[in-house]
Amino acid sequence: MNFDFSDDQKFLKSEARKFLAARCPPAAVRAVLDDPDRPYDRELWKAVAAQGWMGAAIPEEFGGLGLGGIELCVIAEELGRALAPIPFASTVYFVAEALMLAGSPAQKAKWLPRIAAGETIGCFATVERPGVLTDGQVQAKVEGGKLTGVKIPVTDGEAADLAVVLARQGGRIGLFLVELAGAGVTREALEILDPSRGAARLAFAGAPAEPLGEAGEGMALTEAVLNRAAVLLAFEQLGGADRALEMARDYALGRYAFGRPIGGYQAIKHKLADIYIKNELARSNAYYGAWALGDGAAELPVAAAAARVAACEAFWFAAKESLQTHGGMGFTWDTDCHLYYRRAQQLGLVAGAAKAWKERLVAGLERRNAA
Amino acid sequence: MNFDFSDDQKFLKSEARKFLAARCPPAAVRAVLDDPDRPYDRELWKAVAAQGWMGAAIPEEFGGLGLGGIELCVIAEELGRALAPIPFASTVYFVAEALMLAGSPAQKAKWLPRIAAGETIGCFATVERPGVLTDGQVQAKVEGGKLTGVKIPVTDGEAADLAVVLARQGGRIGLFLVELAGAGVTREALEILDPSRGAARLAFAGAPAEPLGEAGEGMALTEAVLNRAAVLLAFEQLGGADRALEMARDYALGRYAFGRPIGGYQAIKHKLADIYIKNELARSNAYYGAWALGDGAAELPVAAAAARVAACEAFWFAAKESLQTHGGMGFTWDTDCHLYYRRAQQLGLVAGAAKAWKERLVAGLERRNAA
Amino acid sequence: MDFNDTPEEAAYREAARAWLKANAPKRAGAAGGGLADPADMEACRAWQRRKAEAGYACITWPKQWGGGGGAAWQSVIFGQEEARFETPANPFQIGLGMCVPTVMTVGNEADKERFVRPAVRGEEIWCQLFSEPAAGSDVAAVRTRASRDGEDWAIDGQKVWTSGAHYSDFGLLLARTDPDVPKHKGLTMFWIDMKAPGVEVRPIHQMSGASNFNEVYFTDLRVKDAQRVGAVGDGWKTSLVTLMNERLAIGGTGGAGHRTVLKLAADIATLAGSAVKDAALREKIADWFVQAEGLKYTRYRTLTALSRGQTPGPESSIGKVVSASLMQDMANAALELEDQFGIIADPALAPLGGAFQTALMNAPGLRIAGGTDEILRNIIAE
Amino acid sequence: MDFNDTPEEAAYREAARAWLKANAPKRAGAAGGGLADPADMEACRAWQRRKAEAGYACITWPKQWGGGGGAAWQSVIFGQEEARFETPANPFQIGLGMCVPTVMTVGNEADKERFVRPAVRGEEIWCQLFSEPAAGSDVAAVRTRASRDGEDWAIDGQKVWTSGAHYSDFGLLLARTDPDVPKHKGLTMFWIDMKAPGVEVRPIHQMSGASNFNEVYFTDLRVKDAQRVGAVGDGWKTSLVTLMNERLAIGGTGGAGHRTVLKLAADIATLAGSAVKDAALREKIADWFVQAEGLKYTRYRTLTALSRGQTPGPESSIGKVVSASLMQDMANAALELEDQFGIIADPALAPLGGAFQTALMNAPGLRIAGGTDEILRNIIAE
């Protein structure tokens, strides 16, 4: 047993942090935030591709680095810390993972090398209306290889080249690959809580669609992809939560009230301690999720749910209380607190809210106890 | 509109506080706590009866003082503050209220004067097993005027002369009056969380039982009684919560750590402020409940549920955090903190836990919104 | 303890309701945007003037100063009835709730004559100039300097978090007149003309996108000694009067409440079925209801005390501590219900016009403005 | 990052499991009662001795002192396997986790020779004498006085909250040797014989009814200078060594966990049906699970750091802050499920043997003993 990153993984982490400190300062995040016509940071995307990160967990035969899931977790944590405004999660945690889970040899050979090279941006298009994603929500249809229907919101739907779409075919729900540059696709950018990221409404009117995985396996595959994405997103959340805590601590130590730094007051100290505690609990749950992800362990569904529940709680709490610690500065546009506040909500909702994952977690525990 | 007690009510409150400070110091509570053979404080019961409190809300024609529900709330708050170890709630909030709601003229004439005089102690016997009280739980049966079955736990069941029992008769659930000194009744004292109060298991084997109210109205009457009792208990809880806060504040101001009173530390100050806030919110909800109770307003079900939910939360929080504020002293037998900790649980469970009342509250809101 | 109207109260309520029905305008524009549109501001002024003419503005203030000459209970009843209508925003609240009462309490007769009536009628708007960049919640750390220049004063420095400074006519300013005494002793209060040379107002861009607050810079601003409010060196004491009035003036938070969550839930699915049947949500709604109702009735208790001529206790300070976090929790839970769809902030697409997305972005400001949760807990504990 | 056993780990685990199966006794009596029954105590000693003889006591300590001479990972694996058995209570934890390690770190050679081996074998039990009535959580405020008397010391004063003092053979005592220097500078550490004249132990009656803690009074207790642990005046520094060990030693809280709540819920009705289908309860169970698992894995992270020879960070302090409140919340929620029936504390009648009623009464002590939540938050924040 060994419950820490290896030396190689730690080296990767510190290199990633240095790289992002240089390439993705807050100004880069704000450039996307402030410009509605910029769905993501193209320069950063190219630079990240040059590092090979999109292909970190993609096998070497498909142009990736062939590292493990844990290495991808390491990268995710640093991307989360830097609030990287790029479609990394959609492309890598969702679409590449879906292809690796369910793709035919031809599909893998076609798309994984392009993803690894940063040439193809992906998006995962499942949701059609408010509420938890259930069978009943899926109205999009594939008939004769043509997709019809609307998906909203689709994170990175504006920037993406390739969508993995959940749709019905002959009464059974499956996943489908759709090239978004093709005919029958209309995209509309959405106004979202975190404008440093992008999302779109995708309308399909007879867009060519090819099945990804078995017919009828759509919901099960979606769940499998979500389990993997949940662990990776937990690391992004963890990175964000730790940075939010640092910002609060730095501000508290530099800010004076009633003659001493506000960080000297117990109310602030204990708030920082409470953030720290939640972050550490989230980190421990995320590590277990990373192991389950890397190891392909049967515990993954419960481990992923625990990682996600803890990470959602930690990042939201850290973001809102870090902002609160900043006092009046905290809620101005020019202080970075609201970037973390927005991202905490974005990441907390994008793979489904914690509420639904709690239900999944307990259902998983019941299955485990019954076994 | 007027949202405070009248001068008369305030006078009653201050007299009640003085009376209980003299007659019901912590030593009196401990005398019952420490002696398993003492279900309640007989001397205090007699003294309270001499004040006329049991009959405060009973009409003058039945030997009461004929005051309103609000006056009873005033008394309840002081009894709660003093942790009075007497069967007042069972006798007055439950049994006398049940008689006034559903009793025949003969039943009222027989029992209310005895209750008002302190000669009859009552208990409300509905529960048979763990979980919320529902139709399905009621197995006790009345056939040919004889009651068979088991009720557990029955608060004050050991001390009581008269029980109001929920039971089935010919498939319909009703309330019944049972004299406990009669044949066919076995009582067994129970070990409970708060030994300064008493509870028993009551087993009935053909005990004479007479209907109280209409056949088939048992659950509805029980709910009506619970609504009234919930408001009165909320005042007991409020009294306890305020006293717990005072104890924490007094301790914090007298206790030194690292060279100054612990009450000067923000962690303690903010804890006291949090207790205060919950207590005040509970007080405001309880006042509204008192008005609805006194006025016979249609809002009573929602007002009672809100009063109970807020009071359960406030007393539990005040009791556990007051204890915590006392540090190592707090969890010794000889410090009074645990008396409040125990009583908070006792009062929080005795009319059903807050969880069930939250469901009642929201159901009431839905009915109100639909109307 | 009585929630029913006395006959006198019922008659007043009926008259108020009838008057409101006949006179209340349609709501014009939202206060959230900082009242940037002049038409919005004109609607606010018109409504205030109409209320003043009918005796419904500053109901408890003497008629000689433009008030209603009425009792506290009348003010409560009119407030309840007005809340049933969608009336314009209230940019006068800081002036009428804090600044002008301070002038009335410690100001000289000339100032009272000059300022009270126009403020009541909505003709002049006031802002409060206490907070500074280096002082935060610590009012006694004020650095803005007022130096004697013959009979007058010259003012230099900076204020921040000034709500409504961009549309205010006058401001109540706390400045340091003596840097050589302990910090809470060398302060003095003045009223200033916000349009005078030497005053520069810069709006603060908030995270929600709006600009309700400002930075205000003073560069050699000339102020007559007659503009002093209270004695030299009494500024700290005087500011407490203002802040006490502030705590009484801050009411409910408005925004989406528990009813809105129930409405949202009715249309939404969870893993186990409909959200409206979800016990976790229902228990939360009960908790929120109890807090919101508790605040409402606590406010009634405060008003009852005021109407009896008593000073309200610390319970009058709990409103904002509870309501701001309540709003944030409720918004977060509502977005959780919307699940992945919750990221959409476009009012045309988000459920219920994006009410909860808006609440989420406004809540942090509410938790901080007018004293952070932490500062208010200190006040309550003392 | 790997949860699977290496072949070496798997082999160790298998051997440990086989040994435990052959040797673990039935659990004898509960630790909660203060080990008042001599038979309970004898069972504890016998089990410790058997482990020591097999090299399973103090696995990482050198063999020359009776330890197992093994690695940290072996200790972790044995702990996991031992937890599957209902073994006797562990009254040795304070000695082996805090006092004896302090002697090993700063004590003299004679003391190490004298004390380590008997403690490992369960022959001698230690308690820690730091807390005082007037000091509370503030160790530096110690008043118990150690005065020079020739070469020896005379000790007078009082300690409180001493866990296990009533059955301990030796105690590690913090006393004031110089009242004239700033308070954290005048302290010195000693070991004392708990059976010596001048030591009086009075059990504290806890709210749960048990007596795990004691007051300890010293009246002219004579102590040789050779009993000094560390230099004169170094007591404060030495106590930090002990307390650091304490934080590492405090493990999970034991008691009823989330699995037990699920079990309870399966048999219980709510207003809307079965409690096991109640979303409010299910979300709480998820929250508790995440906290409990988070603590478990945080502990693994600490052990990984230790096994690599690193010093664990502040994350090693969060265990008790989280677990004690978790236990209280869980117990309260379980009693809410039992509803009116929840007041029954009799183990023969209460669901699941009254596990949650017991937890409810133990939780306050857990939140306070070993540093209140508040003190631990200070430590974490610094």
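Going in written order, the chains are labelled A, B, C and D, and every chain counts its residues from 1.
The criterion applied here is as follows: a residue touches a chain if its C-beta (ideal position, glycine included) is under 8 Å from a C-beta of that chain, and two chains touch if they have at least 3 such contacts.
The shown structure was predicted, so the numbers you read here are calculated from the model rather than taken from an experiment.
Within the list B-C, A-D or A-C, B-D finds its counterpart interface, over half of the contact pairs alike by residue number, in A-C.
When chain centres are defined as mean Cα coordinates, C lies farthest from chain D.
Centroids of chain A and chain C (each the mean of its C-alpha atoms) stand 39 Å apart. Once the centre of each chain is set as its mean CA position, chain C and chain D turn out to be 52 Å apart. Residue positions of chain D touching 2 or more other chains, listed in rising order: 270, 272, 279-280, 282-283, 374, 377-378.
Looking at chain A, residues 265-267, 270, 355, 359 sit in touch with two or more other chains. Residues 270, 272, 277-283 of chain C are the ones touching chain D in the complex. Note for the complex: chain C touches chain A at residues 131, 134-138, 140-141, 160-161, 204-209, 213, 267-272, 275, 280, 328, 332, 335-346, 349, 351, 357, 360-361, 364-365, 367-369, 372-374, 377-378. Every residue of chain A that touches chain C in the complex is listed here, in rising order: 126-127, 129-134, 136-137, 152-153, 155, 190-194, 199, 201, 255-258, 262, 265, 267-268, 316, 320, 323-324, 327-328, 330-334, 337-338, 341, 345-346, 348-356, 359-360.
Contact residues of chain D toward chain A in the complex are 1-5, 9, 73, 76-77, 258-259, 262, 279, 282-283, 285-287, 289-291, 293-298, 300-301, 303-305, 308, 314-315, 318, 321-322, 374, 377-378, 380-382. On the side of chain B, the complex with chain C involves touching residues 1-6, 9, 70, 266, 269-270, 272-274, 276-277, 280-285, 287-288, 290-291, 294-295, 297, 305-306, 309-310, 313, 355, 357-359, 361-362, 365-366, 369.
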